[in-house]
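Reading through the structure tokens given below for one structure.
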Amino acid sequence: MVSLWVYLVLAAALFSIGAFGVLARRNAIAILMGVELMLNAVNINLVAFWRFVRPDGGSENMFGQVFTVFVFVVAAAEVAVGLAIIISVYRSKRSVIAEEVDLLKW
Amino acid sequence: MNLVNEWGFVGLFMAIGWIFPTLPLVISWFVRPRKKNDIKVSTYECGVETVGDTWVQFKVQYYIYGLIFLVFDVEMVLLFPWALAYSSLDFFAFGAGLLFIFLLADGLYYAWKTDALVWK
Amino acid sequence: MVGCISDLSACLIDAGIGPGLAGFLETLVGTLIVTLLPLTLVIILVWIERKYSARVQDRVGPNRVGPFGLLQPAADAVKMITKEDITPAGADRIVYNIAPILSALSVILIWAVIPFSPVHIGVDLSIGVLYFFAVGSVGALAVMLGGWSSNNKYALLGAFRVVAQLISYEVPNILAALMPVMIAGTLSMQGLVHAQAGMWFAISLPLSALLFFISSIAEVGRTPFDLLEAESEIVAGFNIEYSGMKFGLFMAGEFLHVLTIAILTAVIFFGGWLGPGVQEVPALGWLWLAIKSTILYLLALHMRSTLPRVRIDQLMSFNWKFLVPLSLVNIIVVAFLFKLVQELGLTPAADETTNIIANLPQTFILLLGNLAIIGGVLVYLRGLGREQRLANEMAAAVDEDVEHHPHHDEEVAAAAVAD
Amino acid sequence: MNIEITFETITFAIFGVLTLAGGIGVVTTRNLIHAALYLIVSLFGVAGIFILLAAPFLAAIQVLVYIGAIAILIIFGVMLTRGMTHLPERFNRQGGLAAVVVIGGFVVLLVGVILPVWGPNGAVAAEAQPIFMTTRDLGIALVDKEQFVLPFEVASVLLTAAMVGAIAIARDDESRD
């Protein structure tokens, strides 16, 4: 039997890897991929808590799964708009390196 | 736990399934001829020497189709639990589904009217 | 011995093998059968396909190797295996080799959830339908990888087009499968077949069946939607750099995919293994499923040999401007009617679901709704077609005018001056 | 702490390794297409974890949405930003600092996870119970007046807004009216 904390450790590790990708990568698309990893770590946590804390079934105890589904929705929206912005920036600046896109910086 | 039985089978299926497509490749590796030369491994683009990088700039149209698909894909994922539970729900659930699909169609309508669906 | 066919593990336990091992052996045998079956079938499929399209085109087809050319696919396989395998320069080797395996695997994996008879199914997953779509979506990925790793502009361009087509047609495909799920109230494949014991979904939901079949054909990339190859027009699409057995695997996957979608249509809409005598002799289910799926398969083959190919802009418009809106309307109408039927108490009682008479009111109302949509669409298309034809005729008439009276404009100007 | 070798632990180990190895591949690979492929491996591992957690529906939509749609969209995005796939430097100037911060954060998380509540001797080290037919319950919860029907509709609004916005942003200038 794999216990809850093992899943939580896995999720924490995945979240940290994703966070490193977001903080350290230069390419904006790679940063987006890091965000995806972080969202997936969150999903593992949500489902693990649902499985171990409210596992009785029944439609009143579906919080974990419902929230995971909404994370899917948000992830899809985030990727769609994020990539659109990156493509748009690339078209005008010929670059997708995050630190070179600094129009709003001073 | 029937979960193990069900998905254990799928796991076994995945483990065994890829052997069969790989097998002919392995047999082929033993019997096929090996006579490589530069012309043979060159990129096959109408016999003319290939020009530039393979990574030509692609039309943004592909991305737009991909993104409309992504949105519909996620919406369908939300509709499946709805459909599954539908027979045990009341008319309110129909209203919820109707509004959901109407909002979905709204986005499609926008894409249609702004010619985002036209292949250019 | 007959008992072993329907319940192998019980038979093995009788023979003195421990229950745990017997269960594992049963799973293993089942897996082997379900993986080997499609691979043996593909050899026959190639022959049927070539013979059938040859007959349609007034040719003889393969007739040299073996009786009626039956051994031709075997000869093809030997040829493929002994061909030199060329990896183009600059290709991404690992991805290049994985792509064809993934492509064939994505089709074979679908067979894990196909119910062949009441007792024979790889595994009756609680989410069988979604499993099928999930595995199918890996096929698009395989195409993408194959096209990208070849380091060839045309392969990459071809892969982009194919993937755009595959993902587009996945939308109506999944939306059409939503209707049977809604009425059956289950995602499991066996559950869907059992739900059709009273009435096939193809009769109560003909529009969904039609949408599912059409979009499945497009998913497979068959004529009239075979822009990914268009073998009579261009050299090849994403698989242009592939040779030998790797190319063979892409082709085998495609041949098998056609049969797979025929079987799935039969299972989801045409009652799967249901037929006379199945309750007494479960193995008869194989026969009924084979008959139904063969008819659908031959229909797909006939479409391939007789229909012309569409252009890519038509392909995309057909999907996004016709199939998808139609699917959405279909969902709303069927959901409304189904709820109405339930509120009116016309659904068959729990113990009468297999009774045809008890299913008739529900079927009748749903069928009527479906026919109303189809009729409405036909009337709308007729109006649209007439409008376009008139517009075309007007344009042609103006053109003719201009040709016949080159000084038309001057005449008009002169008349205006005279006034 | 003794680890039983069962079917479940082996499966967990396989999928856990796939998830983490894929994740490391994503953040360290120079070639962005390879990074996308590692992302697919990682997400597939997460799908396996969902199955272990008795949520096969989520596993299926994980494959359907992430591998079938998001990964393909990311690959499209990579292809559309040509010339940016093989950057000479993978990481930016804060790369080292980021590594330190992330490792520190991971340690904090680890301590937080293992020690107080959910750890080996924690209070809620609950045993998982067998569960049946959760997908139908999910559907009921999603359109229940008392529960999630509003988020359900708002999700549709969000997706439609994302679609409209992304189309408006991504289109070529000359094709804009």
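A, B, C and D label the chains in the order they appear, each numbered from 1.
The definition used in the following text is that a contact is a pair of C-beta atoms (placed from the backbone, for glycine too) under 8 Å apart; a residue touches a chain by one contact, two chains touch by 3 or more.
Fair warning: this is a prediction, and the values are worked out from it, not measured in the lab.
Undergrad: Counting C-beta pairs in contact, which comes out ahead: A-D or B-D?
TA: Pair with the higher count of C-beta contacts: A-D.
Undergrad: Subunit B to subunit C: how many Å between their CA centres?
TA: Roughly 14 Å, centre to centre.
Undergrad: Which integer distance in Å separates the CA centroid of subunit A from that of subunit D?
TA: 6
Undergrad: Could you work out how far the Cα centre of subunit A sits from that of subunit B, in whole Å?
TA: Result: the chain centres lie 21 Å from each other.
Undergrad: Which residue numbers or ranges of subunit A touch two or more of the other chains?
TA: Residues 69, 72-73, 76-77, 79-80, 83-84, 87.
Undergrad: Which positions in subunit D are in touch with at least two other chains?
TA: 8, 54, 56-57, 61, 64-65, 68-70, 72-73, 76-77, 79-80, 83, 133, 135-138, 140, 142, 155, 159, 162-163, 166-167, 170, 172
Undergrad: Send over the residues of subunit C in touch with two or more other chains.
TA: Correct list: 125-126, 130-131, 156, 160, 163, 167, 170, 185, 187.
Undergrad: Between which chains does touch occur?
TA: The set of touching chain pairs is A-B, A-D, B-C, B-D, C-D.
Undergrad: For the complex, give me every residue of subunit D touching subunit C.
TA: 33, 37, 40, 56-57, 60-61, 63-64, 67-69, 71-72, 75-76, 79, 133, 135-136
Undergrad: Given the complex with subunit D, which residues does subunit B contribute to the contact?
TA: Where subunit B meets subunit D, its residues are 1-4, 6-8, 11, 53, 55-58, 60, 62-64, 66-71, 73-75, 77-78, 80-86, 88-89, 92-93, 96-97, 99-100, 103-104, 106-107, 110-111, 114-116, 120.
Undergrad: Write out the stretch or stretches of subunit D touching subunit A in their complex.
TA: 4, 6, 8-9, 12, 16, 19-20, 23-24, 26-27, 32, 35-36, 39, 42-43, 46, 49-50, 52-55, 57-58, 61-62, 65-66, 69-70, 73-74, 76-78, 80-81, 83-84, 87, 89-92, 94-95, 98-99, 101-103, 105-106, 109-110, 113-114, 118-120, 122, 124-129, 131-134, 137-138, 140-142, 144, 147-148, 151, 155, 158-159, 161-163, 165-167, 169-170, 172-173
Undergrad: Taking the complex as given, what residues does subunit C use to touch subunit D?
TA: For subunit C paired with subunit D, touching residues are 95, 125-127, 130-131, 133-135, 137-138, 140-141, 144-145, 148, 156, 160, 163, 167, 170, 185, 187.
Undergrad: Residues of subunit B touching subunit C in their complex?
TA: 5-10, 12-14, 16-18, 20-22, 24-25, 27-29, 31-36, 38, 40-45, 50, 54-56, 58, 62, 65-66, 68-69, 72-73, 76, 79-80, 83-88, 91, 93-94, 97-98, 101, 104-105, 108, 111-112, 117-119
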